[in-house]
Amino acid sequence: MKKNIEPCYYGDYLALDKILGAQKLQSTKYGEPAHEEMLFIVVHQVYELWFKQLLHELNAVIDTFNQAAVKDQQLTSVVHRLHRVIQIQKLMNDQIGIMETMTPQQFLSFRDYLVPASGFQSIQFKQLEISLGLKREYRIDFDKQSFYNRLSDDDRSLLEALEEKPSLFELVDKWLARMPLLKTEDFHFWDYYRNATDEMLNDDKETIEKNAFLSEVERRQELKDWQSTRENFDGLFNHDTYEALLNQGKFRLSHEALLSALFIKQYSEEPVFNLPFQLITALTEIDEQLTLWRYRHAMMVQRMLGTKIGTGGSSGHHYLKKTTESNRVFLDFFNMATFLLPKSSLPELPESVKRSLGFYLQ
Amino acid sequence: MKKNIEPCYYGDYLALDKILGAQKLQSTKYGEPAHEEMLFIVVHQVYELWFKQLLHELNAVIDTFNQAAVKDQQLTSVVHRLHRVIQIQKLMNDQIGIMETMTPQQFLSFRDYLVPASGFQSIQFKQLEISLGLKREYRIDFDKQSFYNRLSDDDRSLLEALEEKPSLFELVDKWLARMPLLKTEDFHFWDYYRNATDEMLNDDKETIEKNAFLSEVERRQELKDWQSTRENFDGLFNHDTYEALLNQGKFRLSHEALLSALFIKQYSEEPVFNLPFQLITALTEIDEQLTLWRYRHAMMVQRMLGTKIGTGGSSGHHYLKKTTESNRVFLDFFNMATFLLPKSSLPELPESVKRSLGFYLQ
Amino acid sequence: MKKNIEPCYYGDYLALDKILGAQKLQSTKYGEPAHEEMLFIVVHQVYELWFKQLLHELNAVIDTFNQAAVKDQQLTSVVHRLHRVIQIQKLMNDQIGIMETMTPQQFLSFRDYLVPASGFQSIQFKQLEISLGLKREYRIDFDKQSFYNRLSDDDRSLLEALEEKPSLFELVDKWLARMPLLKTEDFHFWDYYRNATDEMLNDDKETIEKNAFLSEVERRQELKDWQSTRENFDGLFNHDTYEALLNQGKFRLSHEALLSALFIKQYSEEPVFNLPFQLITALTEIDEQLTLWRYRHAMMVQRMLGTKIGTGGSSGHHYLKKTTESNRVFLDFFNMATFLLPKSSLPELPESVKRSLGFYLQ
Amino acid sequence: MKKNIEPCYYGDYLALDKILGAQKLQSTKYGEPAHEEMLFIVVHQVYELWFKQLLHELNAVIDTFNQAAVKDQQLTSVVHRLHRVIQIQKLMNDQIGIMETMTPQQFLSFRDYLVPASGFQSIQFKQLEISLGLKREYRIDFDKQSFYNRLSDDDRSLLEALEEKPSLFELVDKWLARMPLLKTEDFHFWDYYRNATDEMLNDDKETIEKNAFLSEVERRQELKDWQSTRENFDGLFNHDTYEALLNQGKFRLSHEALLSALFIKQYSEEPVFNLPFQLITALTEIDEQLTLWRYRHAMMVQRMLGTKIGTGGSSGHHYLKKTTESNRVFLDFFNMATFLLPKSSLPELPESVKRSLGFYLQ
């Protein structure tokens, strides 16, 4: 079998001539070599390599979901790949500490040579955002208008084509929405659930009312928040209410998908739900890690520049902080704890249901 | 010398009977043992142990600065202790991932037994905040009023007494302000500096004006931000302007302290400034790590509860997110990059100045 | 429901009077307060708290396997708990960096007061080792004899009782060995496998023989190693050979368990094997993290003491380095790559087999 | 000033066409695309980028020490750069976890295409080792002979030229050895020190003799180790004894350098020793992190291949484990705790000495 394999050498295989020959310092070009510019370049190149890897994983996952049916074995590998994505994200977050070993003053020694380069020009990062589900309609204004202006024609076409394709968010939403679970139950889960949540919400209200520590102003605020939670619950049981909340931006998942996800989270210990539960949890973590990355990145930019403008000609860290929360994609999974009931308030899945879903190793 | 030392045994030394006997599960008490409550208790106890250690270090540092003069050797150990604080903070940030191995549903199985306990009741955490410099006047309203209501009389007295003592922020401010550097220079640093900054600011303005990517709305915003930066610079050179900005909350350090810190950062490679520079950098990092902790903590609470109210009877994660930015203490150090000049725009320290400050190893 | 729940307060709930009152510095007792002794105590107390948590998780997992049959839902929670164990281990490994912020000289300032305390006296750590499967017969001599001498009668009885109970290793071995997979296949997997491995081994031999970089001495060594791998393979197919290798310490899992584990690893993407595969992988990681902990711990002790003797009266780091490799429990899982075939050399599981094992989400 | 700067764009600046076009999968070339080969390539490329950065820092540090005299300001930047090296090493260690998200079976799906590529062919890694001080004479046999055989003529020349240049170890040794401290003391430090160590060693001996937990065999071993420590101490005071121990490989630093380093560590809190102490500590950490990397790397290879041979045609993990300890460069710094005395046993530096060394900030 190995007969026709040509020998493969380390340096050639990794294209080290390209990789290690790609650090051209601007400061050297202009005759004022700045020691730290090497770090600046290498850190960004490493980020771009990780972005490439993340896209490799996400695209494979998207291809899997972009089929009429997802086979069980494929779900195993989807979860495996998303776990890898999370691991890489954690490393990328820690990598911000490496950049912070450059002092603001060291940065100043070559900053002027970089105008108008800017991290906003990273096409791969935008591909990541769009592939996950951060399409144009969800972006804040700055992003919506200004971002596309800065691109070359080729890059703009590339990203605009990607905007047309289904994102991971959309595909997972559809996959959840078409899950048969909700229709085939022979037991009336949602009736049961409704009663249990009523009890829980009433308990919460009582806790607020009895809380001796709250001032009257605070109590009014808490009761208002409680009322809003109560309305979100109503949305679960009423399709029209849900659609209204969706239009107000209080949800992003479709009604059916949210209910499926909730059901899976409630019965996550059932082996048949193990992989779907891991999938939902992994997407939650990816969103959390990306949020953390934005936050740390914004702090790092602030530390490096203060309120000075960035090389791209705009004050980066205000913008970056704004997008930290607004650019979240899988926030509904993150907020789902709102709707969860404790195990003890849940009906056991009847044996017939279990048997139709489950498998037995022994 | 060792003659009179009594034997010391591992378990006794660490008081393991106390430490390992201090996990009383509420869920067990009420006859519904919840496996994850052990994790919940242990994670919080570990945090409290680290808080104790952080206070041990900070109090030692505060004692050092709370003297008429700080000796050089003491500065070595101050920096050493602050570096330890940072290391512990990083571990504490990572520890949030341990809590997140508990699913929201697992938390629900014992949440009801914990009312009205709340992390806001951690006295040590408040001691940390106050010791660093987050005194009552800097807290947001919720903190100001409601927090003290929740305390026992003893705890309230304890914290109120601490509010009266000088915080690390105040002591470092005074120490910087009384540094002799600024007065003894025989060269006119600040004149030089003013000219160089004028040039830098004019360059920045030009960059904004020429930036073809900006819409008119954006350009106006950028120029407004630039104007505000320009005004902050004016504050550096005019004591009254500075005081006005201080009163608006744009600065927190005294004018003299800010100038000293800026001088130290500009000439940080001079050995005589090495320890002061490390001190300033360490305080910046402590603030950054604490900010990160607040942010991750707020996300974790959101993930665990959604918009449900917390056991303390208030919706935690909104409040927590609010304090993430507002509770920063050493923000002036963090923002100091605003005022830094590149090495190449700085005058060399004259040999006479160097000699008066420096020392020579060989 | 909440009616009868008594109020619960943060400090009481966490028993902070005990936890925060448990730091008694020996150096203070002897009138020579050493600042760093607080760190030394707190770091060890935190380790003991984590040990308690690890034992809580491991004991729950052991109870699960210590039944006639393990239900599917239980496997979900076993894997969940082992993942938590790994997360805590990673934090514990990073925590060594905190101890290393204490310089050797700082340690010397209170070391003499600690004689003869020693980390070897941590009962919880020994419980962890024994529960995982590091029973007396597997310990190196120092551990075997000397360790038990150092214990109080109560502690010795406690550990000796634990030695009699089945360890996690033994229980997992039995669970794997009784898996029905190997007997019910209607396709002759192991015949297929044997042929494929022959081909792979022959390829490997050829690679060694053709490797122009090897000196003759090296080539002989490589071929000897290859021969030993070849013999291990023979053990897979012959029960007596396997028993002989087991007695030589080349394997520790029973023959049946090893084959089951191998089968699971080969077809890990099958949903029915997903949880067992995660279990095997998690145990491998637990072993890896514990090994890493031993190694880092040994280096830390060396850095703190050099070749000085420890407070327990023996030179710690030699002993610690020795146990790093010898105390591994799940090494067979770790080494299992030896026997794996690439996907492309494996027969597809026939549809009938799959159907008997699998479940279909849609 | 900015007038003549050409615009600089993100993608061009980072040479993303090269960086992102450098992933050529062998498995794709042979028509059997293996998803994980992308990860394998990217992880190695990221390592090579970090190696480049580490070399950039180390070479700058070597250049600094490769002068007749090292200026104080330069020492600040040496320490800064070494701290960056350590931060990058920590990230590199964590990155091993990313590679471990590839299962052994996934690796098998493209391993055969990589023969005879091997990580041993990384020229940059060898440059790192040689630059630090791991020259040919210190390598174990396999490395000595076989390694150079595998190189191309160009690479061999490159490394052989590097072997001729002074390494960081050699330069730091010389810098320490020529420090004036040891000769100019007007107080008899080493006499004092000798008396204090005698007392400490006698105490240690007594501790061993009185340790009731030791068996006779163990006690004999401990006393033998103590004797060897005693002899190392003798080396400190006698140049000929030291040379003999050096020749036996018990030390690697020159006698003068070891004494200087010891003096610095004893009085590390003196501001004048702050930077040299940080330098020594940083080199210790670099060695520790590299050791940890070797160890984790060896475990990862074992987990991926078991006892199978590597693609380079030799069984990697045995070799890798062997080099973990043997390839340490700054081991003398690591072991220096052996010779340290507690602060309380040290004479205070006389005011005259302090004044000649120190500087006063206020």
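The chains carry the letters A, B, C and D, assigned in the order they are written, with residues numbered from 1 in each.
Convention: a contact is a pair of C-beta atoms (placed from the backbone, for glycine too) under 8 Å apart; a residue touches a chain by one contact, two chains touch by 3 or more.
On a predicted model such as this, the values are computed, not experimentally measured, just so you know.
Listing every chain that touches subunit A and subunit C alike gives B, D.
Comparing the CA-atom centres of all chains against that of subunit C, the greatest distance is found for B. Looking at B-D and B-C, the interface holding more C-beta pairs in contact is that of B-C. In terms of their C-alpha centroids, the spacing between subunit C and subunit D amounts to 29 Å. Between subunit B and subunit D the centroid-to-centroid distance comes to 33 Å (mean Cα coordinates, whole Å). A straight line joining the Cα centres of subunit B and subunit C is 39 Å long. Among the residues of subunit A, those touching two or more other chains are numbered 1-2, 112, 115-116, 203, 207, 268. Here subunit C touches subunit B in the complex through residues 1-2, 5, 7-11, 13-16, 18-24, 26, 30, 35, 38-39, 41-42, 44-46, 48-50, 52-53, 56, 60, 80, 83-84, 87-88, 91, 94-95, 97-98, 101, 112-119, 121-124, going by the rule given at the top. Of all the residues in subunit B, the ones that touch subunit A in their complex are 32, 103-105, 107-109, 111-112, 115-116, 142, 145-146, 149-150, 203-204, 207-208, 210-211, 213-215, 218, 222, 225-226, 228-229, 232, 265-266, 268, 284, 288, 291-292, 295-296, 299, 302-309, 312-315, 318, 334-344. Within the complex formed with subunit B, the subunit D residues making contact are 1-2, 69-70, 72-73, 75-77, 178-180, 199, 203, 206-207, 268-272, 274-276, 357-362.
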